[in-house]
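Chain naming follows the written order as A, B and C, and within any one chain the residues start at number 1.
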Amino acid sequence: MASQKSIYMDHSATTATDSAVVEAMLPWFSINYGNPSSLYRLARESKAAIEDARKKVANAIGAKSEEIYFTSGGTESDNWALKGTAFALQKKGNHIITSAIEHHAILHTCQYLEKHGFQVTYLPVDEFGQVRIEDLRAAITDKTILVSVMFANNEIGTIQPIPEIGAFCRERGILFHTDAVQVIGNLPVDVAAMNIDLLSLSAHKFYGPKGIGALYIRKGVRIDNYLHGGGQEHRKRAGTENVPGIVGLGVAIQKAVMDLDVKTSRIRALRDTLLDRILHEIPNTRLNGHRTMRLPGNLNVSFEFIEGESLLLLLDHAGIAASTGSACSSGSLEPSHVLLAIGLPAEVAHGSLRLTLGVQNTEEDVSYACDEIKKAVERLRAMSPLYADYLKKRSCNV
Amino acid sequence: MASQKSIYMDHSATTATDSAVVEAMLPWFSINYGNPSSLYRLARESKAAIEDARKKVANAIGAKSEEIYFTSGGTESDNWALKGTAFALQKKGNHIITSAIEHHAILHTCQYLEKHGFQVTYLPVDEFGQVRIEDLRAAITDKTILVSVMFANNEIGTIQPIPEIGAFCRERGILFHTDAVQVIGNLPVDVAAMNIDLLSLSAHKFYGPKGIGALYIRKGVRIDNYLHGGGQEHRKRAGTENVPGIVGLGVAIQKAVMDLDVKTSRIRALRDTLLDRILHEIPNTRLNGHRTMRLPGNLNVSFEFIEGESLLLLLDHAGIAASTGSACSSGSLEPSHVLLAIGLPAEVAHGSLRLTLGVQNTEEDVSYACDEIKKAVERLRAMSPLYADYLKKRSCNV
Amino acid sequence: MYSEKVMDHFMNPRNQGEIPDADGVGEVGNPTCGDIMRIFLTVKDNIITDVKFQTFGCGAAVASSSMATELIKGKTLEEAWEVSNKAVAEALEGLPPIKMHCSVLAEEGIHKAINDYRIKNGLEPWEEKGGHTHSHDDLACEE
């Protein structure tokens, strides 16, 4: 029988919507349900709620209200940012620079653009997952119109040198987009100070609802529309506005950036405890990503000789929700492109475990999780032919 | 002081989310919040909820589950259907046929496609707003890859001869897409019997939530992806699924198609009462659209000599939520393209009023609305120079 | 996504371990793509009297190994040779389509172990019949 425990350590995948957020959304379903595009009172109320949420998003990232456009989530924001600017600037150039460890919403969009006449450079990253400014500098050509580098990585949590990249791009007059989907509520963001031209965010990653996000577009940036239709969002993004979702995003982002330091310090401390215990108590384990330049709740380790999906199944049985970069869990043939990009051999990438902590986690969770992970790793190693070989080899060498 | 009354007669713009739908959505925000792509129990529950909703949508329109893809709404469905098939079939041909009275989500997408190498024929409609099969037949070329004709029009409510268009396209081997956003819960839909290859729908038009919709794609239809990224929706539509929205859509569509006849008969009767009274009691008024082939709740009339936005403001003051095809209300310079397409002179189009009735309307609403409309029209005519001229001319002719 | 049977065999794998002086050993897969399986056989009078496995792989791979060893235990080599990946998957009450190749691994592991035994005993190895039911081709790691 599976465990009665239920410990959620997959906050980078999604988060529980905060009850205050749901509360704030509720009236906009059945009471104040007016279509914001209409003229009457009910509609004006929806319109006002949207503008209020827009201001909250703008405030949270140092933007102006009129620079915020609501979308259906991080994926749409990424698609729009890249395709919209690429096609708008096609006459200026056809070269785009991104990194090898972006989310698929960026990478697959880049592949689409490659099929439509664009050239894309995928910057390598160092062993900790960071892009080097020298590589960026070397990749620039006179055809470069856009640089898109994520603020922090969803798998290994590594934070990129965003202010440096922003300053560099601004100086060269090249647009700079950053996918900040993992960052809101985890790190301070200031689009003006950081010279960011476009920024993607998604509410469900910071205790807001799924299916709503935003794209920040700095005033003056040329960008084509992506969803064509009605005149919503200042004629830039068509479709009846998801009013409850937008209201929820507004409340969630306001809460997310409040007392950021206090909240993230607590989560960082929990993460560090868990990480230290795992590294000390489980042999043949390595940390993936950067030791300090990483998201506060993110922990990514590889256990040699075992496979991640099996590990997740055992942890699920123990009531722990986690994630892996193993190909076996994804239905694709390749293990995580991020783990390969930081130089992990495929078989080590297979044995990776991502735990992402959030507001609901406690010290008790951490200690329970550590015990269970240890047991599960031991159990899987006991049935692993790779571990058997390793033990034999080790005893021969003695 | 504005009226305390509140009568909603704009159900084609959007609807109040049914309280049972909201109820069904609630657990998926904060309790069962798992990301469906993950492996653990919480995630499997989300996945199962999505598949359950998919089945409900499929059942409602005579499709198979695996032919339903969730989107962020009608606009995304329309964009995907047209751009996705157009680019996938580009090698076969570059000609698309649509109608002159489509929603902007279709028309603006067609304009986008025209900029990207496609040719689009906009079929005219007759004075009632119907497309003629002869015109469609005449428009077909050996380059025609797609026909997109809406099931029923959002402004004048006119229903198109969808089964005939479907049969015709199937026979010619041309893809047929229909925008059925206004139709779910109003008319029976059977994609198999009607030979429909792609169909767009949007939950908030049938008492479901805003920001969620679906595209039906018949098995075997070739279509490019539109939102690129993760492997969701069988690798066809990326982005973390809006689980509460999808669940809400499922419940809403199941309710929408239940007892369709009973519900729509009641609404049709109310609409007919209102229409008859308006036409009889207010002179110089005409009905726009088809007398019988129209959506049960839709009423669209033009009052000569007055302007729609003014009328809406007076009605809003009286607590009535309605819509107009006047340019003054839309921020564009042209009055409704639909009203112009059925041959209305621009000045008559300006004086149009759309009332769309729904489940919450009563006989009392109808009688109150009729009285208030009459008063408002009289008041505006009293200040209209056109009406003054008309009165003078009439008295001269007498 | 897995059936109860798969989860049972995953949580309580049968015949897991190593036979140090096995009569036949088969290893298939490669760690790069996350599948590696080793099958150990003890054969007496043409009958598989003992079988054990070691597996590095997903839940389906572990469950397939466990089930496959159950299916061939006590069988003649001829009978064991005929146990297909489909039979393994069916005995597990089905596998998700993308996980069918994990059961192919089990079938191939058994074949390798049997042929290893035959070669060690001076017999001709049996020929893998081509084109059997596995969907390994489109999911093959070697590509």
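Following the convention adopted for this analysis, contacts are C-beta pairs under 8 Å (C-beta built on N, C-alpha and C of every residue); 3 or more make two chains touch, one makes a residue touch a chain.
Nothing here was measured: the structure is a model prediction, and the numbers come from that model.
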{"item": "Identifier of the chain whose CA centre is least distant from the whole-structure CA centre", "value": "A"}
{"item": "Chain separated most widely from chain C, comparing mean CA positions", "value": "B"}
{"item": "Distance between the centres, which are taken as Cα means, of chain C and chain A, whole angstrom", "value": "39"}
{"item": "Between chain B and chain C, centroid-to-centroid distance (C-alpha), Å", "value": "56"}
{"item": "Distance between the centres, which are taken as Cα means, of chain B and chain A, whole angstrom", "value": "35"}
{"item": "Residue numbers of chain A (touch at least two other chains)", "value": "309, 313, 329, 331"}
{"item": "Overlap residues in chain C, where contacts from two or more other chains coincide", "value": "none"}
{"item": "Touching residues (chain side chain B, partner chain A) in the complex", "value": "2, 6, 8, 10, 13-19, 21-22, 26, 29-31, 33-35, 37-43, 72-76, 78-79, 103-106, 108-109, 111-112, 202, 204, 209-212, 225, 227-231, 238-245, 309, 312-313, 315-316, 320-323, 329-332"}
{"item": "In the complex with chain A, residue positions of chain C that touch it", "value": "2, 7, 10-11, 13, 16-18, 27, 31-38, 53-59, 61-62, 98, 139, 141, 143"}
{"item": "Of all residues in chain A, those that touch chain C in their complex", "value": "305-307, 309-310, 313-314, 317, 326-329, 331, 333, 335, 345-347, 350, 382-386, 388"}
